[in-house]
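The following pair of complexes shares a single chain, subunit A, combined with subunit B in the former and subunit C in the latter.
Up next, the complex of A and B:
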């Protein structure tokens, strides 16, 4: 919009050739030099703070490095110990029980609320601003608020359940604790899905819906045959990004249960952090690295099914 | 077309959505206004004997210092990553130099790389630099996620910008710094503002790395100070919720004003979910 106002009158659309043809001033050699100068701080930061640590993490996971000590190569010993630890089974199971369950719930809720907000209504902008609230607030605040909501005595949910004579120990039993983590995780993350889906729904031409209506399609049929195909590529981008973030989330479990009761809600990030607090850098790295294959698969999937910007 | 939508479905849906979205936030505010005794003795969904006692006590405990730490760290990382992001993204989109496509991919990969894969070697780096437990140290660490975020976000923004004006200015003999200052930055202002808000918010809200790296009360940022209270022996929810409300207000204000651009940014897949 801004751009159109600036290139008046009758702005010519930027053609691919125009994009290619344009070169900022100066001789070709100096342009390349300026380019390299401009990117060098970012390249340096990414190499030192992202690329090197990723490789170093992988290396550490094969050593018995401790805080303040020097580690030596011990092969797969950290991984073997990890597989044998009681927390591992829970952390692995929770990839499905907590992470996949959260993603599924975010998908359903995101789709439902995006469809809702795509209906004609008054004050649409206001409603959209409202739905962003859980996502806009700092995640640590969201999970602290949910810890309070779920509290056995002071919590709001137990007060409401109390009207029906029910009391629930949300964070005290393994099943309920998992359910609670999922619930809070969904609350803190679903707006991203709503906004993503809503943006995709708005790119679907109205004519398609009108045509479907002329053919006598019910609203459910329109949803299945027009809306769903129209948002498919967005669904896969949103799902992959959310899967990466949810798999590696630490704050959700940490602030609600610290992985308890008796490691029922343990995830690999929490496991890794707990190892670090015991100064075991080697096994902490192994616990962090264990989800690397999953990350690689998700990124490959994103680069295949995502749009241009993920290629 | 409108007649095919039952308005009651819309209304009831919006009502349920509002309760779901707002209730935890509302309850957080309610509890922050109750006395510690009332929170447990008189559980209620509305404030009983509302008081600002928690807020006062929080600041008497030195919460202002934690807030200040957060402001310093978030501002520093936001400014650095936004400036470096503008330069790098502009160069990748407009200036030809070898390896710029590969660099674009590298930025995306860095943006997607979870912090959990990085934090252990980062702790070793910071220890070797003798910056453990300092605001400078944590600010440098935060660049690991704010720089990829800003650069990647601005890459998308610059790619969508038509080059016509820059072309015209360059024909008129403008230098590259002039083009950047007078054309690119004003034109990209919404994108730059959005990426700055996102970078600020992420540093402001970051708990995991702060927990690992900031170990003494003097250097702790707001999220760490609050997690110490909520995971402490005496769970004083009133204090925690007062702090949580204080931590949330600046972010919600920024989101409110930056809403239009942020929604586009989110739709493009920027940051957490």
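Up next, the complex of A and C:
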């Protein structure tokens, strides 16, 4: 199968009249100053709202600071204590498990639904709107609803399973609790993947599909050789953003299991929250910052792969 | 069938709740006697503070159940502000999240002018000098209402607070044992259990899991789960020694308790997912007819009265059973406190608000809709404490209640132990992770010691 390379047409050369009309308003240095003036409020806001809390949290994590109190630098003591904590292994394992399982499920679900919604069908706009609903719902409402549905006694799922003589304790055992957290997390997050994939699919030129069809490619071959390369960069962006959000997600675990049973569904945001209950700002910050290197690696990888994509 | 019943019950509760809340609002509007006017009779210092006060007076209330109680409190505070001519903002905070909200506000310097918090958080904040003393308000309010009940007074003026009073009690969470008399009678039991041993016999006999669990006891990481500490203490277990410095969980008494509670769990008398129950799960289980016993503060009674009178008719209420060693029935006091960061004018106003909200007209209405036990002796005459579900709370307030932490030493480290849900977590290590009782007790003691060392430096 041959792949047609799209070459953008060159823009028309400016006419002398147009060149005469367009004159830079100021000298280059002065233009730069204007640019800086326009950009600086945003930079300032970003510094205050993003950089300061991040740097402050990082600093707190190396201190024994308590809320409203004073603290002193204690090096890596908070991190050492965190590593030694019985909940650390569970939190670390759960990050890998929840991210891997939920990303895989969201990818499959997102791709399948996006492919479906990309085809001409009746009521396509309505279906697209409906798919977004779980993502648009406030997380508190969504996960409380899941908590009620998964309840071992009065939950709706057990009512349904009861018709078949089955009873499941969705939140009672470590395995089922982890599964339940992943299931609810996937449900709340997959629409973002659908939207991302759908948008990317719509930018793939129809000519590529037509050319592939003329070359005798099957639907599956068209999907693998045209659609997938066309959405590859979107998959990377969506996956990295979703991984970061899932790692930082607190509401899903807290509302479903509070990190339990025991610490089977413990995550770093929940550990951080529990430390904050006792005003231990230093150790709470350490639990919150522990995943920062992972995010940095992911973002760097994304920037690099994104750069390669557009070279 | 059950679904239909529950849907109907919920719809009825909602339908009743709306007019109830509306009645409450109306009752506290202008001209109501529930919120006394502060016009002529007001203290000149309060009027001056109101005049000098700049900005909005912010109060964080602690959400209670049902919502009608919250509305009454919100309206009363708004009416108080209106009477004084000051702008007031009332923020309702879920009491399971108060500590985190306070921590964030302290750090960002955005604390309210006054707020409602629990005993443990008050203790932690007082130890860090984050609360202003309110001894004068405590004394004057007590004097105006026949005095404070003894367990309340003892807990609030205990020397562990450092010689000052930092909170004005507004009520307490006390535990009442709810029991299904229809099921118990069928099983041949006509008297409420007075010991945990009798409780075990009765709960096991009526157990028909998964349809109905005998004991709807929470083992989750929530406030309800912390009831386990009191039960452990009634078995003779202690969190720490008499000096409040060294943890003592690796003891035969604690292991005896662990044997008992894990035995109930493993035999499925306690629901399997009680280890992840949230604050409402035991209520829901009982209201859905799926728990024979629950330990609750009274909110379930209000729901039953509104939505399921038949269940209410089949329910009896009694004090918490005794353990093999003693009876422990802690009063978990809720305080109105003033952060030390509050301005001097706002402090005067806050104390005035506390005295207004201690008024008997207001509290007759409020306590009928909230889930608190009485703290002031004048409250003993309120009709709500003659209702069977609430009467045990009056008994607890009068004599049966034990001070918070008792028989342990009430200090900041103990509060931190409770804030970490350490006792239910110890139980979870056995029933969820399969740790032996010996290993779980030893691990819990080691973890507890880390907390105690941190606070006893």
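Basically, the second predicted complex is superposed on the first by the 258 of 311 C-alpha atoms of A that agree within 3 Å, B and C clash if a C-alpha of one lies under 4 Å from a C-alpha of the other, contacts with A are read in each partner's own complex, and residues count from 1 in each chain.
Keep in mind that, in the parts below, a residue touches a chain if its C-beta (ideal position, glycine included) is under 8 Å from a C-beta of that chain, and two chains touch if they have at least 3 such contacts.
Because the structure is predicted, anything quoted here is derived from the model rather than measured.
Residue contacts after overlaying the shared chain place A:69 against subunit C, while subunit B stays out of touching range. Greater residue coverage of subunit A by touch, when subunit B is weighed against subunit C, goes to B. In the superposed pair of complexes, A:141 makes contact with subunit B only, with no contact to subunit C. In the overlay built on the shared chain, the residue A:86 is in contact with subunit C alone; subunit B does not reach it.
Contacts of A:290 after superposition: neither subunit B nor subunit C is touched.
When the two complexes are overlaid on their common chain A, residue A:151 makes contact with subunit B and with subunit C alike. Judged by the touch definition given at the top, the superposed model places A:253 against neither subunit B nor subunit C.
Of the two partner chains, subunit C is the only one touched by A:177; subunit B is not.
When the two complexes are overlaid on their common chain A, residue A:169 makes contact with subunit C while staying clear of subunit B.
Residue contacts after overlaying the shared chain place A:159 against subunit B and subunit C alike.
Residue overlap on subunit A between its contacts with subunit B in one complex and with subunit C in the other: 147, 151, 153-154, 159, 255, 258, 273, 276, 281. The residues of subunit A lying in touch with subunit C in their complex are 66-69, 86, 147, 151-154, 159, 167, 169-174, 177, 255-262, 264, 273-274, 276-281.
Interface residues of subunit A, counted against subunit B in their complex, comprise 2-3, 6-7, 11-14, 18-19, 21-26, 28, 31-36, 38-39, 41-43, 45-46, 48-54, 56-57, 60, 106, 112-113, 116, 119-121, 127-142, 144-149, 151, 153-156, 158-160, 187, 189, 191-193, 195-196, 198-200, 206, 209-210, 213, 219, 237-238, 241-242, 244-248, 250-251, 254-255, 258, 268-269, 272-273, 276, 281, 284-285, 288-289, 291-292, 295, 299, 302, 309-310. Listed in rising order, the residues of subunit B touching subunit A in the complex are 1-2, 4-5, 9-10, 13-14, 17-18, 20-25, 27-28, 31, 39-40, 43-45, 84-85, 87-88, 90-92, 94-98, 100, 103, 106-110, 112-125, 140-141, 143-144, 147-148, 151, 155-156, 161-167, 170, 173-176, 179, 187, 189-190, 201, 204-205, 207-208, 211-212, 223, 226-227, 230-231, 237, 240-241, 244, 247-248, 251-252, 255-256, 259, 262-264, 266-269, 272-273. By the touch criterion stated above, subunit C contacts subunit A in their complex at residues 2-3, 6, 99-100, 102-104, 106-107, 124, 128, 130, 210, 213, 220-222, 271-273, 275-276, 278, 281, 284-285, 288, 290-291, 416, 419-420, 425, 428-429, 431-433, 443, 447, 451, 454.
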